[in-house]
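The data blocks that follow each hold one structure.
The two complexes that follow have chain A in common; it is paired with chain B in the first and with chain C in the second.
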Partner chain A sequence: MDRFDAVVVGGGAAGLGAAYRMAENGLNVLLIERGENIGEKSVYGGRIYSWVFEEYVKGFRDAPIERWVRKERMTLLDEKESVSIEYSSDESCSFVANLTKFNRWLAERAEDAGALVISGIKVEDVKLNPAKIVADGDEIECDAVVIAEGVNPMLAMRLGLREDWKPEEVAVGVKEVFKLSEDEINSRFDVESDEGVANLFVGYPIFTHGGGFIYTNKDTVSAGVVVRVDSAMNNMIEVYDVVEKFRTHRDVAAFLKGGSMIEYSAHLVPEAGIKGIPNTLHKGNVMIAGDTAGFVLNRGFTIRGVDFAFYSGILAADSIKEAMDKGDVSSAGQIYEDKVRKSLILRELERFRKALDVLENTRFFDEYTRMMVGIMNGIFDVRKESNRLYDVVMDKTKGRKLRMVLDLLSAFRGL
Partner chain B sequence: MKIAVCVKEIYNLEQVKIVRETREPILDVPKKLDDLSRNALEEAIKIREKLGGEIVAISAGSPELRKTIKEALAMGADRAAIVTDFTESSPESAALVLSRILEKDSYDLILLGDASSDDYSGQMASRVAETLNLPQITFVSEIREVSDGKITCVRDMDDYIEVVESDLPCVVSVTNEINEPRIPALKDILKASKKPVENFSLQDLGIEISRSYEIVENLAPAVDRKQEVIEGEAAEVAGKIAEIIGREV
Partner chain C sequence: MESIENRLGLVSFTVDSESHIKPKEEKCDNCRLRVCLYVCPAKLYRLEEGKIYFNHEGCLECGTCRVACPEELEWEYPRGGFGVHYQFG
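Take a look at the complex of A and B:
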């Protein structure tokens, strides 16, 4: 049986980062994906921050990028009204991509670099000392294993590297994709062909942890809802129901009107930030990366995961290379641990530790969203007599000013 | 025995989406080896298991075929000979390309699927056999015997069966009842990555593609839905559904 320097389990952003980087560095690497094709299990709306791909992937500008995000919109929704804030810029640091296609492209780059990428095979077990993987009853030995199996950490759990997610640590996201023409999207969202919009929604229809999203692809629009699993359970929220409500809200439907729904998919998203990172990210020369390790940062305004995943794969690859170069390959796991703990990923997650407490506060998703919409209504709803801003704000914040000021202060500090 | 198996890459039809308004398919999906090609290949592997020999997977398709053909190698073909700049496919041009590849070697048996699950034109076996001037047996649901330069096959004619014997070399096309294709394991896939693939261009084969027809439209069938929504308590709804089904049947 063949022997490899390293085996990567999972062909998502993290696994592909590891396989691509190792192949670039001349390592003999095998990536095994469980889905029939690379990308098939990847679900993401979604906006991806480009820095890591610009830095590490040759020819990245040829990747299947749908649109570069030039407009950021935050929308507070209630049943009938909405308030939006838009930020627009002629520069962009993120792009919208269909992660399935994007990962397929990354896999081709990894193969071009010399990685062996195979799909349709489930890795049943990972063993230590020496590191090996088991699939279809066969064992493949290697110097190191990178587990990048995504949000369902079956192998990581079996190795005792992490526990399964608790309901309050993950959200369920549902995405629908609507087919429209490129011109229609340009005019509806007021953008040029290579420009895109990322629009996050808070409030209706869930009024609790999570929210809605709209992202513009080239000639499709992705829209959907993310709800934290415990909140969905406690509030008897049925995901299909809120997706329907979101889609049919006047201010959402306006963007999707006439579009034929061509895709419906759902996925879990780690939401526990720094608290979801296990105490150790390696065992011997087996290391965990991406969603498996919980490398997702939600700070309310932005959600990052794909760039962190890819980057953690790069770090795993570099650790293995470094250990081999040192002549002590068995140290790869520890090197990875040290690298990640010192890396941008953990620094960012640590910096936004307090964001977790802020976002835990459901008043932002319900009370304050309605309050803000109500204030706007008070200002703009002119029927003969108009209201002074002072009166509107005093009326809408009656009896809850102190709590609100404290909450806003915490948000200001935490986010 | 030297067996050629002509295989076809098709769009993964399970993933093709239809734009409801225009009924147009969105073909931006990965390709895969056609199911009936797998049946043909499986049959070749069974013959090789009994008689020994070599299996060559033959195919013509898009540049993606370089990847798709690995499925045939993983299943058990020993090597492959393919054309990957053949994108304007029609049955007659496909048969011509396959025949040109087949002519480069000599085979005892040429196996194909009866039709492919995308176009389902079902012409390939006959066209290849005619081009190469070989006997052909189609609709084969069982290969009874291969020995002494002869092959005996059972043809499934729906209402009856025919048992046909032919001299080798011969072209045989199989139905999906003939076997259950094996699913390659990890070690087979790893082995496949090292098997030789000969890649020809149409120019190498001296072929210029011409088309005798043009596809005017490619649309999903129109489906009229009644769009009746039944609301109420489960028992009540079930009753109404039963009533409607009763009326329709």
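Take a look at the complex of A and C:
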């Protein structure tokens, strides 16, 4: 058997970034994915920030992009009403894609570059000094291993590289995909064929940490909810039911009407930001990347995981290359650690440390959402006598103005 | 309304004969929270006559039950090639 310079565990964005980059740099790299096919185990909401793919992937413009996001909508929901704000632009920095197809495309690029990609095999164990992986009863020794096994860090935990997530550190996302015609989507969402919409929701039906989402693909629409696991536990939220409540809300149903559901999926997403990053990202020449390391940034109105995952894979690949070039391959793990700590990923997570406190505050998900909807109702609900804006606001904020002003200030600073 | 059974019917699975998740009977018998009953998005945990039953067919491999369970729940991914095959992700 060939000797591999490096083995990558997991064919999500993180593992594919590592394998692609190493192959581009002329390393002999093997990627092992447990799914029968690449991409079939990855699940996300819907949109990818393009910068890292534009910068690093040749031929990126041929990727299976569904639509470029031109409209961002934020919707506050209560049981019967909703308030939305929309931002629209003719430029776009992110695109909607099906993650299964997108990862499959990335795997093809990695293979074109010379990586060996094997799917349908689960890595059972990773060992140190020398680095090796155990799969299918065989051991494969190599110079470095990148563990990119996704959010459930089963191998990383066994190696003592990180602890399991606590319920307050992750959210469960449940997504449903609906088939609709391209024209129908264009007219319903008021977009052209190559233009997409990202719509996030807070409030109903969760009213606590989490929310809903809708993304427009070319001829399908993704919709679903995300609930922090501790909140689901404490409030006895039936997760399979809450996604139905969301889907059947009048203002969500309007977008999905007539569409048939074609997929139901669920996945965890790290929500702990900078606090979810373990103290060390490597042991010897074994490193962790992507969700396994907790590289996800949630600011409430944007979530970034795929671009960070891919980029962390690139950093791992570059570290291994650098160590080999220095003639001291054993230093790869430490080089990776240093690179990541100085990288955009950790800078961004650090910059939004305070966002964690803001998003911890359940008043934003419940009280203030209802308040905003109530104010709008007060203004627009005209039955003979109209309400003055001033009176409506005074009435809806009675007895909680100071706390609200302080909360809003914290949100401005943190998000 | 779409029942959870109908929703799971939209997804293709290669089901292994052995379960990759193994709740322990004595732990479940004494568990007061029983959060698995509602946090599992596939509703695979059921309570019948005071006992917890689990069926791994239909597992979406999210990991929520492992994170939520107050006991140490024996949880692994299915063997290579088995389990859920998402088409859209």
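One rule holds for everything that comes next: the second predicted complex is superposed on the first by the 414 of 415 C-alpha atoms of A that agree within 3 Å, B and C clash if a C-alpha of one lies under 4 Å from a C-alpha of the other, contacts with A are read in each partner's own complex, and residues count from 1 in each chain.
FYI, a contact is a pair of C-beta atoms (placed from the backbone, for glycine too) under 8 Å apart; a residue touches a chain by one contact, two chains touch by 3 or more.
The structure presented is a predicted model; accordingly, all values stated were derived computationally and were not measured.
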TODO: In the overlay, answer first, second, both or neither for which of chain B and chain C A:V29 touches.
DONE: neither
- [ ] Would you check which partner chain A:V43 touches, where first means chain B only, second means chain C only, and both and neither mean what they say?
- [x] second
Task: Comparison of chain B and chain C by chain A residues contacted - done: C
Open item on the list: Once chain A of both complexes is superposed, is A:H267 in touch with chain B (first), chain C (second), both, or neither?
Closed with: second
TODO: With the two complexes superposed on chain A, say which partner A:L99 touches: chain B (first), chain C (second), both, or neither.
DONE: second
- [ ] For A:D138, select first, second, both or neither according to whether it touches chain B, chain C, the two together, or no partner.
- [x] first
Open item on the list: A:K179 in the overlay: touching chain B, chain C, both, or neither? Say first, second, both or neither.
Closed with: first
Open item on the list: Which partner chains sit in contact with A:L116 here, chain B, chain C, both or neither? Use first/second/both/neither.
Closed with: first
- [ ] Could you tell me which stretches of chain A are touched by chain B in one complex and by chain C in the other?
- [x] 36-37, 101, 120-121, 135-136, 261-263
Task: chain A-facing residues of chain C, complex - done: 1-2, 4, 7-8, 10-11, 14, 33, 35, 38-43, 60-64, 66-68, 75-81, 83-89
Task: Of chain B, residues touching chain A in the complex - done: 12, 17-22, 26, 28, 30, 32, 185-187, 189-190, 193
Open item on the list: Which stretch or stretches of chain A touch chain B in the complex?
Closed with: 1-2, 30, 32, 36-37, 101, 104, 116, 118, 120-121, 135-138, 140, 179, 258, 260-263
Open item on the list: Residue numbers of chain A touching chain C in their complex, please.
Closed with: 34-37, 39-44, 98-101, 103, 119-122, 135-136, 151-152, 154, 164-167, 170, 172, 174, 176-177, 220, 222, 229, 232-233, 236-240, 243-244, 248, 261-268
